[in-house]
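Per-chain numbering from 1; labels A, B, C and D assigned in written order.
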Amino acid sequence: MPTFELGPNQYGKAETRLVRVERGPAGDRITDLNVSVALRGDLAASHLTGDNAGVLPTDTQKNTVYAFAREFGIDGIEAFAERLAEHFVASQPSIHEARVSIQQYPWQDVDGAHTFRRDGSEVRTATVHHGHYGTQTVSGVTGLVLLKTTDSEFHGFVQDRYTTLPETRDRILATSVDATWRAVQGRPDPAAARAALVEAFADTYSLALQQTLFAMGSRVLQRCPEVLEVRLSLPNRHHFLVDLAPFGLDNPNEVYFAADRPYGLIEGVVRRDGVAIPEEVAWTF
Amino acid sequence: MPTFELGPNQYGKAETRLVRVERGPAGDRITDLNVSVALRGDLAASHLTGDNAGVLPTDTQKNTVYAFAREFGIDGIEAFAERLAEHFVASQPSIHEARVSIQQYPWQDVDGAHTFRRDGSEVRTATVHHGHYGTQTVSGVTGLVLLKTTDSEFHGFVQDRYTTLPETRDRILATSVDATWRAVQGRPDPAAARAALVEAFADTYSLALQQTLFAMGSRVLQRCPEVLEVRLSLPNRHHFLVDLAPFGLDNPNEVYFAADRPYGLIEGVVRRDGVAIPEEVAWTF
Amino acid sequence: MPTFELGPNQYGKAETRLVRVERGPAGDRITDLNVSVALRGDLAASHLTGDNAGVLPTDTQKNTVYAFAREFGIDGIEAFAERLAEHFVASQPSIHEARVSIQQYPWQDVDGAHTFRRDGSEVRTATVHHGHYGTQTVSGVTGLVLLKTTDSEFHGFVQDRYTTLPETRDRILATSVDATWRAVQGRPDPAAARAALVEAFADTYSLALQQTLFAMGSRVLQRCPEVLEVRLSLPNRHHFLVDLAPFGLDNPNEVYFAADRPYGLIEGVVRRDGVAIPEEVAWTF
Amino acid sequence: MPTFELGPNQYGKAETRLVRVERGPAGDRITDLNVSVALRGDLAASHLTGDNAGVLPTDTQKNTVYAFAREFGIDGIEAFAERLAEHFVASQPSIHEARVSIQQYPWQDVDGAHTFRRDGSEVRTATVHHGHYGTQTVSGVTGLVLLKTTDSEFHGFVQDRYTTLPETRDRILATSVDATWRAVQGRPDPAAARAALVEAFADTYSLALQQTLFAMGSRVLQRCPEVLEVRLSLPNRHHFLVDLAPFGLDNPNEVYFAADRPYGLIEGVVRRDGVAIPEEVAWTF
C-alpha cells in the first residue's frame, strides 16, 4: 500500500475583527483591524492521527488577539503583529513559525470627540513572519485608486498577427495600487511611503504603466531611507474613449467607458541597488 | 385554455459606466457615473408576440447616455437624469414613463491638475421618475459609514420569553447611512444634506437608533428648506464588548468584536409637518 | 420652530443565519436559512424621545428565530416565515405588522447519511407580510442562471439617432432568473414553479427577452393552479460574438465575450386573467 | 544620487471572459472560461524608459485567447492554457516565461439541445507555468462547499492562559474546498480527483480538520496515480450550537448559528512518498 507524506502546512484563525477605542479627555481614538494568524510547527500528529496535543486552537488565537489589544494596546499594526507572532512561537513548544497579517480600516474624526466616519479609500496592511529567520515585517497599502486624465501614452509595442490595438499618444491611466514595502532595520513611515506612491503616479509622464510602476517604487525608496524593496501590483483599469461619430458628435478625450474586465495587470519589484536583502518569506498555498 | 395577462413591466439598460473629463487650463474635472435606465409604455406586443416595433433597444439607451454627456455635459446627476428621462418619453411614442438612476463615485483632486484619487467613503445617488405625474427627483447618499464611541444607550425595551439582551447605558453605535431626500421645488444642496446627516448623528445623545434616525432626518429638513421628506435606512452594525475576564483582564469599553451578521436594520421616513407631498413613485419588482 | 413628523417606519433583525439538522436513522437532513425580520407598529416614542417601551429588541427577534426552529421545526420556509410573522404581531401589543424574508441555500446529499455538498446554483426565497390585511406569502427563486445557444433573435426594434445595434437573427440569450409567485389560497409547489421557468426558457423561440419573460410567467401559471401572479426580473447578460476577421478567422457563432456591465434588465408581471388578486404588499425604502 | 534596480516583474491581461459554443446535431456544448495571462522576460526597458519594443500588449494577449479558441478549440483547460503559454514564449523573443490561469464555470445541460443551467457549486481551475523549467501544470477545484453533520470531534488540544474553547465530541464540520494537484507526467482525471476529495471528507471520522485534510489529499493520490502532490486550503466554517436554555428549550445538536468571521483556515500539502517532484513554480506578488 502506498504511503503519503505531509508537506508544508499551516493553520490559524483568519479575519478576527477587532475594534479598539482609546478614550481620552481630548477625544477618542479608534483602531479598526482585521487580523489573520497562521502557525507552523510540529503539527504532523494532528494531520496523521488527529492527535491535537500540539495544536493551539484557532479559537485561542482569536482570544489572544483580543487580550493583547487590552494588555499591550496597539502601537501600530506592525508592532502589534510582531508581538502576536513572537508570542505564539515563544509560548508554544510545538509552534516554530507564525505569520500575522493585519488590515487596518481608516476612520476620520468628525467632531473632535466621539464620532468617526469610515474612510473607504484605502486599507493599510502589515504582514509579519516570525521564525528561525527572525522577524520579517512587510508594510503596505491596498485599494488606493488613482487616475490621470492625461500625460499617459502607449506606443512602440510589439506587433504580431493578433495585434489590433492602435497606438495612443494620450489616454486615461487608472489603477488600484496594491503596494508593500520592506525594511530590515527601522520602521518606515507609512504615510511617507503612501505619499510617495501618489506623488510619483501624478508627476510621472507615462509611456507605459510599467514605467509608472518603476517610478512609484523608486520614489518610495527615495523618501523612505529604511525601505529596501517595494512590490507593486497595478491593475490597468481601462477607460475607452466612446466613438460618438455615429451620432454626429466628436469626442475630444471627454467621454469614456470604464470597463470592468478584462484588465491589464502590471506587477514588479523595485529594489535599492547593491544592498543585500534577505529573500521575502512567503508561505505558498 | 386559460389566458394570462401582462401586468406592470419595464425594461432598460442597467449600469452604464460613464466617466467624463472636463479639461481646463486650471486643471481637469472628472465625473464618474453608473447610470441605469428603465422604461415603461406600450410594450405588450414585445411580450406577447415578440413584435419589437415599440422597443427602443437597451443598447440605444446606453448610446444615448454617452452622447448626452458630450452634447449637454453633466451639470449634476439630478439634472442629467432628468434630461435623459424626459428625452426617452418625449422622443418615443411608445414610451410613457422613464426612470433613470445614477450613482456617482467621488474623486479627490491630488495635484491641482490631472491626477485624482478615488474617495471610497460614500456614493451620491439620484433617481428620477418621469411620466404622466411629471418629474419626480430623489437625491441621496449611500455607504456613509459612521460610528460613535459613546453617548448611546439602549434600555427600557420589551421583555418577553425570548429576551436575553441586557440593557446598556453605554455602547458603540455604528451604521452605514443610506439616505434619500425629496423636494417638489428647487434643488437641495446635497453637501448640506449630507453634512446635516453627519452632524445629527454626532450630536444626538442616542437612546435608540430610531431616535438617531429621526434626528438625522429632522436635521436635513432644518438645513435644506426645499426638502420635504427624508428616507433613512440604517443598519445597526453591532460592536460587542469582548469578555476578557477569563484572561484575568477587565475591559473598560475598550476592546470590541465587530460583527458581520445578523445586524439590526432601522428604516423610516421623516417629513415636513403639514405639507402636502405627492406619494413617492416606486416601480415595484 | 418647524416641526417634523415620522412617516412609515420599520425595524428588525436582518440576516440571521440558521442551520437546522434533523437527525434520523435513514440519514440527516439540513435546512440552511438566512432570516430577516422587519416590524411595524406603535414605534413613534422610540423615534421621538428614545422611549423603547414598545420596542421588541432585534436581538430578541434573532433569539425567537432560533427558538422557533427548535420548538416547531421548519416545515418549509413559507410556513416558518408565517409562524414567525404571526407570532410577533400576536405577542406584542405594539407590533401591528411583520415582514419575514427567508433565503434558503440548497444542499445535496453526498453519502445518504451525514455529508452534504452546497448546491450553489440558486436560492429559494419566501417573503411573508402579516398585518391587518391578513397574511400575504410570496415565494420565489433567485440566482437561477440560464443560457440558450440559439433560438433567439432581436430585430424590428425602434431606430433613432442613437441606434447602432444591428439586428440579429441568432444570438446567445442568457439571464439570471429572479422570480417570485403569489397565491391567495393553497401552497404552490416551488419545484413545479421552478421547473416551469426553466422549461419555458428552453422551449420558447425568442424574438425578445420580453417574450421569453411572458412565456416563463405563463408557464408557471399553467403548471401551478394556485399561483395567481408571477413577477420576473431578468437581466440580459450579453454575450458578444468576437470579431476574429483581423486574425484571418471566421467566427460562425462560436467564440463570445461574456460582458459584465452594462446589461439589459427586463422586468414584468404575468397574471391569471380575470381573477381578482389583492395588491402585493411592499414596504418601500 | 541613489539608484534603484528592477526586481522580478510580470504583466498580462487578467480575466478575459470567453464562452465557446460547439454546435452539433446532437446538441451544443459550451465552455465558459475566465483566462488570465502573465508574462516575464526582457521587460526592463519598458520600466526604466518607457520603451515598449519588447512589450506584447495585454490587448493582444486577449485577442490571442479568443483567436486560439477558434483556431484550436478547447480540449480541456489544461491543454488550452499550455498552448497559450507556449505560444507567448515561442513567438516573442522578449518573453521568456508565461503563466496562464483559467477558471472554468460549469453548466448543466437542460434540454439535451441548446439550453444550459449554470451550476454554481464549484469552479474548475488550471494554472500553467512555462519557461526554462519546461511546462508545469497545476489543476484544481475551488468553491466546493462540504458539510458533515456529525463524525467530527475536537479535543486534546493545547490549553494556555487564553484558552476558553470547550472540548467537543460531536460538532458540525464545514468547509469550502480549494484544492490543487500536480502531476509531472500524464493528465489526471479532474472528476476522479474531485470525487476523491468529496469521498474522503465524507468517510473520514474527523478528530481535527487537519486530519480530514490529510485524508483528502491522500485519497486523491490513491485514486489518481499520475498525481504527485495535492495542496489544500480549507476554511473551517464554524457552526455554533445555539444555547436555547434561556428559553426553556434543550438543543440536542439541532439548531446552529452559521458564523461568517472569524474562521479557521487549515492549509497543507500531501505528497507521494519518496518521489522526487520539482518545486512548484510560484510568482510571488
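Keep in mind that, in the parts below, a residue touches a chain if its C-beta (ideal position, glycine included) is under 8 Å from a C-beta of that chain, and two chains touch if they have at least 3 such contacts.
Since the structure is predicted, the reported quantities are computational estimates derived from the model, not experimental observations.
Student: Suppose you hop from subunit B to any chain it touches, then on again the same way; how many hops at least until you reach subunit D?
Tutor: Contact-graph shortest path, subunit B to subunit D, evaluates to 1.
Student: So if I look at the partners of subunit C and the partners of subunit D, which chains show up in both lists?
Tutor: Touches both subunit C and subunit D: A, B.
Student: With centres defined by CA atoms only, which chain is the most remote from subunit A?
Tutor: C
Student: Could you quickly compare A-D and A-B and let me know which has more C-beta contacts?
Tutor: Higher contact count goes to A-D.
Student: Express in whole angstrom the distance between the two chain centres, defined as the mean CA positions of subunit A and subunit C.
Tutor: Between these chains, centre-to-centre, one finds 38 Å.
Student: Which integer distance in Å separates the CA centroid of subunit A from that of subunit D?
Tutor: 22
Student: Just how far, in Å, is the C-alpha centre of subunit B from the one of subunit A?
Tutor: Computed from C-alpha means, the inter-chain centre distance equals 31 Å.
Student: Enumerate the residues of subunit B that touch no fewer than two other chains.
Tutor: Residues 17, 63, 67, 162, 164, 246-247, 260-261 of subunit B touch two or more partner chains.
Student: Could you list, by residue number, the parts of subunit C that touch subunit D in their complex?
Tutor: Spelled out, the residues of subunit C in touch with subunit D are 17-23, 28, 30, 32, 63, 66-67, 69-71, 107, 110-111, 113-122, 143-151, 172, 198, 201-203, 239, 242, 244, 246-247, 249-251, 253-260.
Student: Which stretch or stretches of subunit A touch subunit D in the complex?
Tutor: 2-17, 36, 38, 43, 46-60, 62-64, 67, 91-92, 94, 153-158, 160, 162-165, 206-211, 213-214, 217-218, 221-222, 229, 231, 233, 235-236, 261-273, 280, 282, 284-285
Student: For subunit A, which residues count as touching subunit C in their complex?
Tutor: Residues 161-162, 164, 246-248, 260-261 of subunit A touch subunit C in their complex.
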